[in-house]
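In the two complexes that follow, chain A is the common piece, with chain B as its partner first and chain C second.
Coming up: the complex of A and B.
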């Protein structure tokens, strides 16, 4: 029961499609509390990832994820660029050299990614950012790993936790990023970064259905 | 959306192509990664001044590349920070051996991307200093927000620090000067209408016909309050008072008064604002010794204006008056 390199490639390609079909939705969320560019930025980044992927398909999983991170770094811009780039680079470093991974590896990789995002963006849980989706997802994965649950169950629990974290951003007052300029007026809107992060983990569950 | 564009995805590229064709005497344009470079860069022995940010604020920053101002500008997508690879390549291209100063507006993305670029450039052996600009008094500066935004003061800093670099001052002196400017300049803006980001295709925010937003950011970020439109004199006072009180600017101070259009507000209205601002400042004993009036840091087609005050001294006045030759600002040459 493990995620293979082919699964990872499928996941990245599927996420690029999810971003493409949700571009307007993410941009609308961002227009309410930010600057209306999250969907377009992510879409530009993952289009670049798709063009870079064929040259990196023969690398191990860590190498592929780091290549994704570098492509995002040079194409996304804004805060989302360095942050999503960090997710892939740190997760990639964590599972470097592997051709497949299990639940414990994935929990560690997502934890490394989350620590990277927190270090770079200086956001904490409850600041109304992507961290609000990441931290619960990592905790769910670690718990599932400790309880000896299957990879499938762990992935499902992490996506559910990310979704809960994403929805929990709605009433929050933003304390980081452009939405923080709004103060109290940022409450009542779902954070676009937490939304695209949930989509990333949700896509993994859907694509890795057979693991 | 009514815009004079071809396709939203090509807006920045086609703009750069236009700039390259229009100003070959001033700048070179590098593509992929995108940056605008002073035509004679790198200038040997001079500190390179690099800025950048999302597009849509023209003439800032690309229009300020040239003698006496910036050595390079990195344009991001509209309202989106540029990326570290652009900043790194621009930094390398303008390094004349005396180091490079990054002037960064305080936005989460801009700061993160410039930090990454500075680290990469230092790893390649280039001396890099960065100064973050955060002059917008509309935003509360606290540990719990991303902090004040960088707005109108950016234009004044790029001019003054650019002139000082032209004189041959060191990287450290220039960074100190930039920090001093940031410490004694303040701004606030307002909007009468929203702007339309090309790839979004619709107004960033809804502002009813008879309302205005006080404290607006240059990306259409909402500000302090929304209220019914008032006459220009009252609006001028609503912008100027928090700016004056924040520093505070005091009787006897000499200032540069910058009245900026957000893009859609014409000069005729800016002069009305300028007239009232001078009157209010004089009543407080604050003397306007220099000014700048026009669209210099814009927010696409947004109608509205911002006021920036910068406390001046003799050195800064001399640097302000020094020759500058860019597409957006030009005098003394």
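Coming up: the complex of A and C.
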């Protein structure tokens, strides 16, 4: 069982749609603890990705993901720009040269992506950022891979773990990013970046249902 | 000359800060590039790593670039941009944590004096201290750093020293301070200066900000020490500068 290049292209297109239809929701979350632009930022970024995708469709999976990362770099505007760009570039480097991948590859790719995000943004678990969704997701994937579970089960577990991590950001006080300027007042609201990260992994489960 | 790159979310902010910095730069050789905003004509608030990459290429020389940023993604985008440019260029670029406005102005002035990247960086970082001192904040007390062991060691060798009275109306501030720093920079010597009257310092005489923070006014006694190949020449030149009352 494996994810093919076409699956990856589908996932990226589907995520762009998810972002488009959740733009207001993400912006609302960001309005509570930030500058009310996360939805608009992400949407601007993934609109740019959609226009770049046709030129990159014949690359291997790593090449496609790196192209997505580069497209995000100049368009998002907020912290999500360099951070999501890092996710796609690092994951792409990790799966470079492949035309399909399995659970173990995906676990490694998402781990590389998460390490990239942490190196860039210096956030730890519990700082109320997308890292709070990424780390549990990576752990779930690695565990599933070690236990020899199917790709499908691994994907489902990682999305569930990301969702838990996302919800767990609610009571936290932000220590990184713009929300950290609010201090204690940032508690009680869900982090927008953790939310869009959950959506990314959740979209993978939905789109890769047949793998 | 060290060049400056200013990165902000706001085009308006960055243009304003660049304008303020340019007004202070004593040499038109210092280039100040900007990267700010996203969307159409960069009118939306945000930062763009690719624009930062382009701006770096535009002003890059081996003397280096100091990058000043506002906050959040301005920092992340700058770090991301440095990942993309060739590593031999990256080695000559420093990201600076100085406050945006004060840092840009201090860095511009210091770069205009022909200082190297490390000195320009340090000046910018220290720029907040001048403001803290002016506002009389307690935290600002004793803000002149203890000389590091490194500088103490530098002065461990044979030194020349002299005590002079500040002759200028403006004290060791403004134009006299600039001339003082320029004169020191002309010689191959490590020069330290202390305000004996106020018991401030010693500070390195190649840093304009540090020299100004000595708050040496007219009539104050300053103690200058020099070490290095041209220690005699630099002391002679500084004595002459004081005797000529900074050519006023």
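Please note the rule applied: the second predicted complex is superposed on the first by the 211 of 211 C-alpha atoms of A that agree within 3 Å, B and C clash if a C-alpha of one lies under 4 Å from a C-alpha of the other, contacts with A are read in each partner's own complex, and residues count from 1 in each chain.
Methods note: contacts are C-beta pairs under 8 Å (C-beta built on N, C-alpha and C of every residue); 3 or more make two chains touch, one makes a residue touch a chain.
The shown structure was predicted, so the numbers you read here are calculated from the model rather than taken from an experiment.
Overlay on chain A: chain B and chain C clash in the combined arrangement.
In the superposed pair of complexes, A:121 makes contact with chain B and with chain C alike. By the touch criterion defined above, A:75 lies against chain B and chain C together after alignment on the C-alpha atoms of chain A. Of the two partner chains, chain B is the only one that A:36 touches; chain C does not reach it.
When the two complexes are overlaid on their common chain A, residue A:154 makes contact with neither chain B nor chain C. Of the two partner chains placed around the shared chain by superposition, neither chain B nor chain C is touched by A:165. Legend: residue contacts after superposition of the two complexes on their common chain; A:27 is shown touching chain B, with no touch to chain C.
The wider contact with chain A, measured as residues touched, comes from B rather than the other of chain B and chain C.
Contact with chain B, but none with chain C, is seen for A:182 once the two complexes are overlaid on the shared chain. Once both structures are placed on chain A, chain A residues 35, 37, 41, 44, 73-83, 120-121, 177-178 are touched by chain B and, in the other complex, by chain C. On chain C, the positions that touch chain A within their shared complex are 38-39, 44-51, 71-73, 76-77, 79-80. If you check the complex, the residues on chain A that touch chain B are 27, 31, 34-37, 40-41, 44, 73-83, 120-121, 175-178, 180-183, 185.
Chain contact summary for the complex, chain B toward chain A: residues 33, 54, 76-85, 107-109, 112-113, 116, 139-140, 144-146, 149, 197, 199-200, 204-205, 217, 219-222. Interface residues of chain A, counted against chain C in their complex, comprise 35, 37, 41, 44, 73-83, 85-86, 120-121, 177-178.
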